[in-house]
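What follows is a group of structures, each given as structure tokens.
Two complexes, one shared chain (subunit A), two partners (subunit B, subunit C).
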Partner chain A sequence: MTQITLEIDGKTVEAVEGSSLLDVARQAGADIPTLCQNAQLNEKGSCRLCIVEVVKGKKRSLVASCAYPVENGLVVKTSTPEIEKHRKLLVELLYPTALHLAKRYGVKESRFDGPRGDCNLCGLCVNYCRDVAHKNVLFFEGRGVDRKVSFVPGKAHECSSCGACFDLCSGGFVVNNHGMIGLNERAYSGS
Partner chain B sequence: MPRLENPHELVTLRVRSRVQRAAKPQRISICGGTGCLAAKASGCIEALRAAIERHHLSNKVELQETGCHGLCERGPIVVVAPQQYCYLGVTAADADEIVEQSIIQGRPVERLMYQNDGAERVASLEKIPFYRDQQRLLLDANTRIDPRSIDDYIAIGGYTALERALIHMRPEEIIASVKESGLRGRGGGGFPTGKKWETTRNAPGDLKYVVVNADEGDPGAYMDRSLLEGNPHGILEGLIIGAFAIGAQQGYVYVRQEYPLAVENTVRAIEQAREYGLLGQDILGSGFNFDVDVHRGAGAFVSGESSALMAAIEGHVGRPRSKYVHTSVSGLWDRPTNLNNVETWANIPHIINKGADWFANVGTKTSPGTKVFSLVGKVQNSGLVEVPMGMSLRKIVYDIGGGIPGNKRLKAVQTGGPSGGFLPESMLDVPVDFDELRNAGSMMGSGGMIVMDEDSCMVDAARFYVDFLAHESCGKCLPCREGLRQLLHILNRIVAGDGREGDLELMEELCDTLAATALCALGTSAPNPVRSAIKHFRSEFEVHIREKRCPSLACMDLFHYDINTRLCNGCSLCQKNCPSDAIRGEHKKPKTIDQESCVKCGNCETVCPPKLDAVSKVAGRAQLPEHSPLLRQKTG
Partner chain C sequence: MNEPLEGATLTHEDRQFLNQLILQYAGRPGMLLSVLEKIQERQAQKYLPLEYLEHVAERTGIPSAQIYSVATFYSLFNLKPQGRHSVCICRGTACHTRGSQRLLESVRLQLGPYQEDGEEGSADKIFSTTADGEFTIRTVACFGQCALAPVVEVNHQIRSHVNERALNREIETLRHEKH
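Moving on, here comes the complex of A and B:
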């Protein structure tokens, strides 16, 4: 538990070495958007909205702050024109899901077309079911552009209907289906 | 065979193997690599064996099935020793002639030898232009040993480096030597190998791992495959030396299940090495313990990424994780893990045997050594080539590769696999090494080299790679998954003739964000094919978008077939061969094509008599009548 100091947006901040840069920065008052982050979950670095600029020695890089362990002497900027440009494009890629972020970044329409459903694949439901509920009822099926959330074949009945995934889901994809969880058909249909 | 208890017993075994080989000076070697096997090498092997038996020569002549020789275009390849006659494109029917003429009478079978442009026949492998300019440090053993025989490998000097490293060197000395040699990782990143080893060695923890990354997945690349298939002990020797230097007790070879021969030969090599005591407890009496297991990959491109590969070995889905803490510090089961590519490991015995200085003097200053490339695509001699770093692309494509078939013009060379880039004709003089290729907007990657000629459409080529990556991305991080989805969508629109003004700028913007924010190297390098294609071939994109034409006549929706009614004599051959009844016109009268029915199979062009040459491919969409349902489909 080594105590270290780093600079975040011009402020000198003390923190425990190795803790998540996102947590440290938020405690220091930085407003960093996230979609996939949840304190209870192990999975990190999916949505990339929490990117920040880190200068370590002479090296400047963009990192996902949620997965980045803090070190002594880091110089961090949580918002630069470059960062905001990338965040805005990421939000535009998700439009019309994650509307709270779209509002924040002034995204009113998307220049992209093609199928996009309600689910933005933030992974909160899957990760909660695995890491916290220890049920493993949900999983990611397929990879790349084919990735989607599905029930593990034959395990849907093992869902204890804890309902946590309804609350976590920002896309209205996981729905309450007469007390059981159900997967909204619109999720990947793009309609 | 009892295990080798000490270095002396290894030397004794080597002498005995050499004597055994010398007892049969006449040898027929045939390439049993995947390329030659596909060209029916197995049939040749059987036929040669039968021919040898028929002439009662089994006691005098050795028939050896080796690994890949490299000139895959002209396989199966047969080499007859001691004269070193080299025969190309051998079939089972040639077996008798080879045995009778070359073995019994001692003269070459001229018709099977390589023929130069000047029609002069070339007897030996080294004199074929394809091989003349190569420096085959790693691939040489492929042609000299049977990969199923550890004795063969030991006979040509195999495991001498292991003996030297274990008995006469300290781990620190080995790492110093690898650092001095300047060897850089051959998997694509080009990270200094010695430095990586040192980090893993110095990382805290008693239990450490070493891993061979043989999850080669680039389309058109088969360097690692051929090394594992043709000389698995060479890689194993490098791995054991590395494990000793790093202080690892366990190693893994991660090899794709789609490479059955590589899996088979690697598993066998490990068993043989265990039997000889070159793996296991107290290797060669040095007190060093180390063992290796094979992990078969289930065929995901992204599993070639180090952290995804390690997740896969642990039994998880192969998805990358953030590597702000390197795998050399926290890798497999959170232990320090050193992962290197097949070719990197294969270089190690040579560095130990010949010395770091020797190695550093091969190739260029910043990228020493040789590099194996799989030279494929529109090139005369496609195959595996190994050249010193720094050789120009032009020399590789024209001198070694023999240039472009059919007197066509070269348009681009794609290097570095799907995450690499296109280099146009004007950049052919770029010396090939890690840094020069990166400066040129491409990358070394693991060594794929795809040659494209004037018939290749760069928009379609970029689309192909993006399609590959969009489906091979793990899909975890947003920029990679959604960014590639949209890049693919835009490119699909452009090749279908629905490109819009602003598409190029939008793609460039997407590429910037993807490169800056993606989680792993697959994502950050995914924009390379699009970026380099737009940079060097912007006008080709613009013609697709603005004029709805594909100048290379490759994009199905942007060309059509046309019959020149002045040249057509009405023979009706095209009409008879059209599968969709799209040719209109009475017999003996010039024909026309009903573009609505045409499926663009090209049969009409193929069957039209060459003296008429009335059918041609024309860039641009066909003019469809206004009421055409096809037109409504497109615009609707």
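Moving on, here comes the complex of A and C:
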């Protein structure tokens, strides 16, 4: 548990070596948006909203702070015009999910076509159901552009009595669809 | 819409086969993939019946959610019964420039009608089985045999420099083949 020092937004900050830059920065007062990470889950780093600028020696880079372990001597900026531009684009890509972020970034429409209006594939519901609620009802079906969240056939009713992930969902998919049969209905009705 | 899972129940032999399979691969990395491969191979219609997957879940302790996730991730695995014959048309760049889209359209016309699912897909991604269960037509993004374009795989045999008429003829022959 080595104590180290780093600079965040001009302030000198002390932290435990290896802890999450996101956590350390937030503790130091930075306001960093996130979507895909949750304190109870291991998965993170997919939404990229938490990117910050890190200067290490001579190298400057943009990193996902939720997945970046702090080291001694880092110089970090959690918000710059460049970073905000990236975050705004990310929010536009997520639109119309994550409307709370759309509001914050002034995003009212999207140039892009998303596969679903109510799911951005962040995986919070799937990961929570598997690793925290231990119900294993939700899962990711397919891959690539066909990837979607599904419910195990026959288990979808469990969601009504659980509902633990409803608040995690930034698109409304789980609330809209729990109780529905998943996994390519045709597959099992075609027995 | 919460009907319980309906399907054929497993026979005693089916169960024995599955249990032996699970024992055979127990503890090995990639165990689930090997088990799924063997299950699909054994099925005449080359697919993974859901009741088999449920049994594997029960026996191994792997949640069905995980098994479904794996089964739907890989193109190798089918969750629906496949046709007796398979026709796979390559839609890669080389094959496309040498007319594979037309081959695809021609075969689709020749073999319709299809099962109700109507996996209409696009000009690049088709996956349908004929209503009589005889043929499954699918596409692949690239066989890696670009010098032989256009490429079509008929019943796991690669056909190269395919022309439409020859393909139609071969399919007609298969169609009229006795079982």
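Heads up, the rule we're going with is that the second predicted complex is superposed on the first by the 161 of 191 C-alpha atoms of A that agree within 3 Å, B and C clash if a C-alpha of one lies under 4 Å from a C-alpha of the other, contacts with A are read in each partner's own complex, and residues count from 1 in each chain.
Assume contacts are C-beta pairs under 8 Å (C-beta built on N, C-alpha and C of every residue); 3 or more make two chains touch, one makes a residue touch a chain.
Note that the structure is predicted; figures quoted are calculated from it, not measured.
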{"item": "Subunit B versus subunit C as contact partner of A:Cys50, first or second or both or neither", "value": "neither"}
{"item": "Which superposed partner A:Val152 touches (first subunit B, second subunit C, both, neither)", "value": "second"}
{"item": "Which superposed partner A:Arg130 touches (first subunit B, second subunit C, both, neither)", "value": "second"}
{"item": "Which of subunit B and subunit C A:Leu89 touches, first, second, both or neither", "value": "first"}
{"item": "Subunit B versus subunit C as contact partner of A:Pro69, first or second or both or neither", "value": "first"}
{"item": "Partner chain(s) touched by A:Leu121 [first = subunit B, second = subunit C, both, neither]", "value": "first"}
{"item": "First, second, both or neither for A:Phe140, with subunit B first and subunit C second", "value": "both"}
{"item": "Comparison of subunit B and subunit C by subunit A residues contacted", "value": "B"}
{"item": "Overlap of subunit C and subunit B interfaces on subunit A (superposed complexes)", "value": "140, 142-143"}
{"item": "Interface residues, subunit A side, partner subunit C - complex", "value": "129-130, 136-143, 150, 152-157, 179-181, 183-184, 186-191"}
{"item": "Subunit B-touching residues of subunit A, taken from the complex the two chains share", "value": "35, 44-49, 51, 62-64, 67-69, 82, 85-86, 89-90, 93-94, 111-114, 120-121, 123, 140, 142-147"}
{"item": "Residue numbers on subunit B that touch subunit A, as the complex places them", "value": "300, 302, 317, 321-322, 324-325, 469-479, 481-486, 488-489, 506, 509-510, 512-513, 516-519"}
{"item": "Residues of subunit C touching subunit A in the complex", "value": "1-8, 49-50, 63-66, 68-69, 72-73, 79-81, 115, 117"}
